[in-house]
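So that you can tell them apart, the chains are marked A, B, C and D in the order they are listed, and the count of residues begins at 1 in each.
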Amino acid sequence: MKTTRLEAFSDGVFAVAITLLVLNLRDPGGRAGLGHRLLGLWPNYAAYAVSFLVIGIIWVNHHDTFARLRIVDRGLLFLNLLLLLTVALIPFPTSVLAEHLRASHDSHAAALAYGLVMTVMGLAFTSLWVRAARHPELLEPPHDSAYAWFRARRSAAGPCIYGAAALIGLLSAALSLALFGAVAIYFSLERSARFSSASPVDGGENGI
Amino acid sequence: MKTTRLEAFSDGVFAVAITLLVLNLRDPGGRAGLGHRLLGLWPNYAAYAVSFLVIGIIWVNHHDTFARLRIVDRGLLFLNLLLLLTVALIPFPTSVLAEHLRASHDSHAAALAYGLVMTVMGLAFTSLWVRAARHPELLEPPHDSAYAWFRARRSAAGPCIYGAAALIGLLSAALSLALFGAVAIYFSLERSARFSSASPVDGGENGI
Amino acid sequence: MKTTRLEAFSDGVFAVAITLLVLNLRDPGGRAGLGHRLLGLWPNYAAYAVSFLVIGIIWVNHHDTFARLRIVDRGLLFLNLLLLLTVALIPFPTSVLAEHLRASHDSHAAALAYGLVMTVMGLAFTSLWVRAARHPELLEPPHDSAYAWFRARRSAAGPCIYGAAALIGLLSAALSLALFGAVAIYFSLERSARFSSASPVDGGENGI
Amino acid sequence: MKTTRLEAFSDGVFAVAITLLVLNLRDPGGRAGLGHRLLGLWPNYAAYAVSFLVIGIIWVNHHDTFARLRIVDRGLLFLNLLLLLTVALIPFPTSVLAEHLRASHDSHAAALAYGLVMTVMGLAFTSLWVRAARHPELLEPPHDSAYAWFRARRSAAGPCIYGAAALIGLLSAALSLALFGAVAIYFSLERSARFSSASPVDGGENGI
């Protein structure tokens, strides 16, 4: 009951943020033919797709997380607000990265900014599980603190990988974006497996 | 239960994407009188209305589809994310088509881009039913795989028509848009018939 | 059950459209001081407030309407989509009216465009009740067709007043906007009275 | 039942308004390196974070308020619409403040505008509790009017603090924004405590 409302509001923010990404796609105009200009927007398409998948994955994980929480305390509410703050921010670094992916010098700063926002988002997500592990009374019965720590550790892989991809952006922005994309596709398949296996219908022996 | 949340999030993306279409409508300014300028925006109005109806139809079909699914597995979740990715993208080709509908040459590239996005969206939708047909355990009882294949085949009409309309855009962008509009009006009446006939009140003998 | 989903999607469109109105508010820049520039945006504030209230009223009426419907058929679904199409359109004429409210000549075209969109929206809303009156099986028991006709006639006051305000815009755009604002405030108080009186708690003797 | 729908619509407006804040973040372009330009946007980041937290807090308070209301009458519906009108407006003064925070003169007008919108929003929120206190039949049993007056008085701290911060903006816009930020962080922790303590699970002795 308590978590339902928080999820509904969070879902709204996820849905708006993921849809605002399209505002980064615009015909740049110019003398070249339209077909040529549209094809030239490939960095924008790539950034759109990667950010869309990343937000989609975070949404799936968000739901999986709150399905395991019984109530929400002050700390979780605040940490969730921080998570939403970073999710709602994503269209901005996505736009910056798309615009500068082919620039000689600025591409590195753009990839670093993109990776930093993603890393902070991952940290905010991990902090939800750390909070739950420290306050197992927030969890659904049987209030399994060890499981929450397990989830916290595992979700920490996100900000670690994101941080690494941010640093790789200092070498090559395109490589960094490709890495984010590969991770997003990997997790969207792996994560959604967990999503369905968490179903009470399918049983819980692998519901982690 | 499982599909409810996915639908709520998807509904949010549909609602935002359909409403963002209005951002393509702007007074272009210039020396002509405002009334003249507003009338001159007819390609924008036409593209707005057609894309609005297309997204509205997809929303109706989306609900009808998930009402027949019992659970969502990893594949469906990923395919649904791909569908949402194309739905959220629609304001972009809509804007491009509206701006270039009257151009001599660029109109063809604009119509092709518009048709391509629609076609991919249709393919993503069809793939939902193919997945369900291959995994009938995802369907509501009686897990009727034959019915899912029937739906997959029938929904394949969408991308086929959309692809044809995209190719027609190479001849005439206005004709292509008019075709999309005619298909949208046809399906919005035909689809909604199915929507209501799927009601348990009305009985299911024609609930296809 | 059937109407719940339609309402949730419609609510999403209402919420996004009403919030997108803020995008019409921007610092115009220039040499004047910021305070001066912000005060000079009063037509934008007025148009924002009036359109916000109008959409808010339509939302209340929309809920009151669908609370009295049992199921949604193809016609209602299509008419509702037309209503949403006009609601989602409102930020555009709002922007046009705000920008030209003080123009000598263009203000009339702007007010006419604003009034026309409102009038079509009102007609779409009235058509929902006409459809329900012609198909009383769509209504909640006791399927009172006479009541639906009563609502259809009464809701027709909306497009009539809006149409009159549109024509008054040919004389004075500011007067037209003021009229929309007065009507919005009047209806937001009168409508919400109906909203609460429709409650099963309060009884239904005046639940019209 | 009655309040549920109002909350769902309000949640939508909150979610869209909070996510539209990101549109104020844009690469300003120019000759400086991208990293330099992105760091130079710190007023935009600060304004984004503060407005995000303020809207987040109002959302929490909004839910807590409507959880204590049984039905919504005409007055509450209208006052809630006024509250949403100011919430949806926040991206505008946020943008103005971010753009002029470092200006020598215009920063004061920007901070005053920001603070005024926040103050009016706070007044609209307080007015919800005043209305409920005057009409205790709107409250959940036991229709405790004294409790509603207590909440009205306490929530009046919001517009008072916001008004003071607005006036401080006449001295220093940065100080004013910092004050809003400090208040937001304080309330997001204090408020969320109330949020969780209102849970029926935790008991109600401190559920104020």
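Note that in this section a contact is a pair of C-beta atoms (placed from the backbone, for glycine too) under 8 Å apart; a residue touches a chain by one contact, two chains touch by 3 or more.
Since the structure is predicted, the reported quantities are computational estimates derived from the model, not experimental observations.
Interface residue usage between chain B and chain C, two copies of one sequence, is largely distinct: under half of the residue numbers at the contact are used by both copies.
Among the remaining chains, B is positioned farthest from chain D, on the basis of C-alpha centroids.
The angle of the rotation superposing chain A on chain B, based on CA atoms and rounded to the nearest 5, is 90 degrees. Note: centroid distance chain C to chain D, computed from Cα atoms, is 26 Å. Put simply, the C-alpha centre of chain B and that of chain D have 37 angstrom between them.
Along chain C, residues 8, 12, 15-16, 20, 23 each make contact with two or more other chains. Chain A makes touch with chain B in their complex at residues 7-8, 11-12, 14-16, 18-23, 25-27, 33-35, 38, 48-49, 52-53, 56, 59-60, 63, 188-193, 195-196, 199, 201-202. Those residues of chain B whose C-beta lies close enough to touch chain A in the complex are 2, 5, 8-9, 12-13, 15-17, 20, 23, 70-75, 77-78, 81, 84-85, 88-92, 95-96, 99-100, 103, 105-106, 109-110, 112-113.
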